[in-house]
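The same chain A turns up in both complexes below, where it pairs with chain B and then with chain C.
On to the complex of A and B.
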């Protein structure tokens, strides 16, 4: 069996198992933590395709998440069908991203990082001023609220996101993105249009971040409108990706899993301690293990394999 | 050359480039004909790399014109110039460090001239190119683990994968030992033999004289000589530029 096929079967198997979870347990705390994991997978993976694959570090990922959330919430509560509101949320994030990206991605270096950070903050403040209220769900929405459809929405979103990154990573488009990340001039000299690669990457990234925001708006009963614009979302995505393994497909998945579990574990006793722990982990990873947990796993595997071969020959 | 010289592959006219007050190129004119090996020589800082950078779109000239196969390509961005059929290697090699040699070369194949859409179908050709430059046994090795000589060959393979009609080699042989230089010279001859026109910058005189059809000499941004190798080396201005007066 080719490794391609193997990966697809493995992924499919895990997705099916995850789809069974609501049938096996009625515990809301488990469902909620799974939702959080899926949310983080989507958030981190969408950041990863832009930063990890294409080398463009966005510090304004929260802007895309927030735009998706606010658009979806307003349209959905305003009476539009949810799926329409949800898709529109993703598209609004893309439009915004491309407007910002068009000038910023032409510049090299840290301009894109700074530009996206600045714009995300401006959006957060603007939304906080215009809509300082809590986004409450109307009574009839709360009356029919059910966690299970939320679970599946997040699961499907995470699966699609992972599949998209996998397909892109194995395609010509992905090769061009990685080439731009590795050396922009060499990529150009080989016929790659770096600006185009970055814009496509940004479009995919912001679309899925926007959808994740929309799913959040569907899931969360009550929150301040500017909460999804908080820089925390950006740094969550960044920490998860780096700790898991930047530029890999498995990295953000592993990272999201750990991050959500840590978060739940410490939430009651020491709120925000998970950020501290993950921050420390982040520094350790950057210093000692630039490939993240994914690299740690493959190193351990290599060690084990080396041991086996040793004994085999002796 | 006779018949061929009527339609140059590349034509460079009155190229001027300054960096602030520094004149790097001062009205350079020349033509390259299909099928030849055209070498550019000159002391360090005479403007050779700058010339390459303008032809390949990495720098914009202050004035002047570059025509390739009858088309004005002046000021086009690098990726478009590559897709028109001009590929280059960098004097300071620029491998995609974390990618395997196969992936490195695949980038050229997927995005250069006649770009491949199906990467799997192009694998065979890419492997063939890697074999041609002598990296056939390093297909799955990541570029960061290659030696300097291997990186130079990788650079060459990536450029060849873009299917160029004109290949620009900026100091391909710099930093190679004499055995490696011999191999590189053979490669360049074979490349020309396959129908690709070569423009190269080289300091190793043995290599330049051994394989060039024509040579142009630059000094401080000006063309001081052009012609057959045996004539250019006897040129008084060239001798002075290299040895001092």
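On to the complex of A and C.
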């Protein structure tokens, strides 16, 4: 069996297992943590395609997430079908990304990062001033609120996102993105149009971040309209990707599991010290495993292989 | 091999997480403890307020458990209270997750609140959805009680209480000395907007005329346009609601621009001791409505202060009293209900009529507490209760001395 097929079967198997979770438990806390994990996978994977694959470290990812959330929430609560509102949220994020991407992607390195951070902050403050009210769901929406459809929405979105990143990563387009990340001038000399690659990458990234925001608007019962624009969403995506393994497909997935589960575990076990403990663990991971947790997996694999060789097994 | 390792690593995380969640008890025998839960901010911007609430819960539960716990008729015995407190990191999304954890994993019979309106706004619908009685603490937010929720209660003043009390305090000033014209600077946030609107109508109702109203944009650093407008209008009453860092900056700028209102009320900003520490004498004479004060003479306050003094070497903080009162209300409701059935506890809370460390307490049908609204004034670096007069620990100092005369 080719490795491509193996990967597809493996991914499919995991997705089916995850789809069974709501059938095995009715506990909302477990479903909730899983929802957060899928949300983090979506956020991190969408950030990863721009930063990890194309090398454009954006600190304004929350802007796309927020635009998706605000559009979806307003349209959905306004009476439009959810799927329409949800898709529109993703598209609004893309349109915004393309408008700002045109000038912003001409900036490089730290200038691009700071520029995008500033942009997201401007949006956050503007939304906070224009829509200062609580975005809570109407009473009839709360009365019929059910976590299970939210779970499946996030699961499907996470699966689609992983598949898209996988396909892009294994395509000519993905190779072009990696070439731009490694050396923009060399890529250009090889016939790759760096600006075009960056714009496509930004469009994919912002579309999925917008959809993740839309799913968040469907999930979260009550929040302030400017909450999804908060820089926390950007830094969550960044931390998850780095701790999992930047520029890899499985890195953001492992990172999301690590981030959500350890954070929850420490918050319960050490309510007053958990931030310190979790922060220390994060620093240790970054220091000891610069390639992220994916590197740990590779190291374990190498260790097992070496032991097998030592003991004469092949 | 690589894929198997990845699955193994993911599996370890998943198992760790799921096993840490434990199993919910489903026995019908008398439980060892009565579980109550709080998703409270211990870190992040609301962390200091949350810590005050936690102190109140801990002391109150200690006090009750020392006497054996709460008598539950259904089991014909006293059962101790057990608090499950999870830090939500001042995060509206995490707090929802924590509330679900407390419900599903810890099987709590009631939720307790924390500090800040945004967090309570996110929590309230979850309590309603799970049908778990919820006692909210540090929030003025009134609108959350106007959504028809049945499980949300708050033994803490709300925006209408503040709006009314401030103008009653102004009305208590002798006729010839009453200040003229109000200026209102309010943040564009749910509490800011609702309280701002109420102050506007109270100003007209009490004969102070149409006030000068200015929105205070979020994350504002330079308040001079607002201050200069109030000064130009000759506003002698300043009503505002910044956060503590904003309030400190605003007060410094008021002094620098030599704006001398005769009455300066700020909700929220001057509540913590950081106000006095940062502003020194410049923080004096500002009036606030923190919801409670350790100088009050209600039954239990003295003992609460003593316990707090032992733990933290100071009398109880402003949020500690209302948090302590939440446990008093809950324990009383459980005894009254005689069961740990959440719906019956909810009904018992709704019919509360008791004396607490925050004074006499009942609840309106919308879940807001009928509580005494205390106006407090910073005087010589200390918070003193000045209104209502029967609870005053010091006389109301009016007018506020001019900056040049201090």
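We take it that the second predicted complex is superposed on the first by the 289 of 314 C-alpha atoms of A that agree within 3 Å, B and C clash if a C-alpha of one lies under 4 Å from a C-alpha of the other, contacts with A are read in each partner's own complex, and residues count from 1 in each chain.
By our rule, a contact is a pair of C-beta atoms (placed from the backbone, for glycine too) under 8 Å apart; a residue touches a chain by one contact, two chains touch by 3 or more.
In this text the structure is predicted, and so the values were computed from the model without any measurement.
When both complexes are overlaid on chain A, the residue A:125 reaches chain C alone and has no touch with chain B.
Shared-chain residue A:254: touches chain C; no touch with chain B.
Of the two partner chains, chain B is the only one that A:190 touches; chain C does not reach it.
In the superposition on chain A, contact is made by A:275 with chain C only, not with chain B.
Once the two structures are superposed, chain B and chain C can be ranked by residues of chain A touched, with C on top. In the overlay built on the shared chain, the residue A:175 is in contact with chain B alone; chain C does not reach it. For chain B in complex with chain A, the residues that touch the partner chain are 56-58, 77-80, 82-83, 87-88, 90, 94-99, 103, 106-108, 110-113, 115-117, 119, 158-159, 161-162. Chain A meets chain C in the complex at residues 6-7, 10, 14, 27-30, 32-33, 36, 125, 128-129, 132-134, 136-137, 139, 142, 145, 216, 220-224, 226-227, 232, 250, 253-254, 257-258, 260-262, 264-265, 267-269, 271-272, 274-275, 293-294, 296-298, 300-301, 304-305.
Chain contact summary for the complex, chain A toward chain B: residues 171-172, 175-176, 178-179, 182-183, 185-194, 247. Interface of chain C with chain A (complex): residues 1-3, 5-7, 9-10, 13-14, 16-18, 20-21, 24, 42-43, 85-87, 89, 91-93, 96-98, 100-101, 103-105, 118, 121-122, 124-126, 128-130, 143-144, 147-148, 187-190, 192-193, 215, 217-219.
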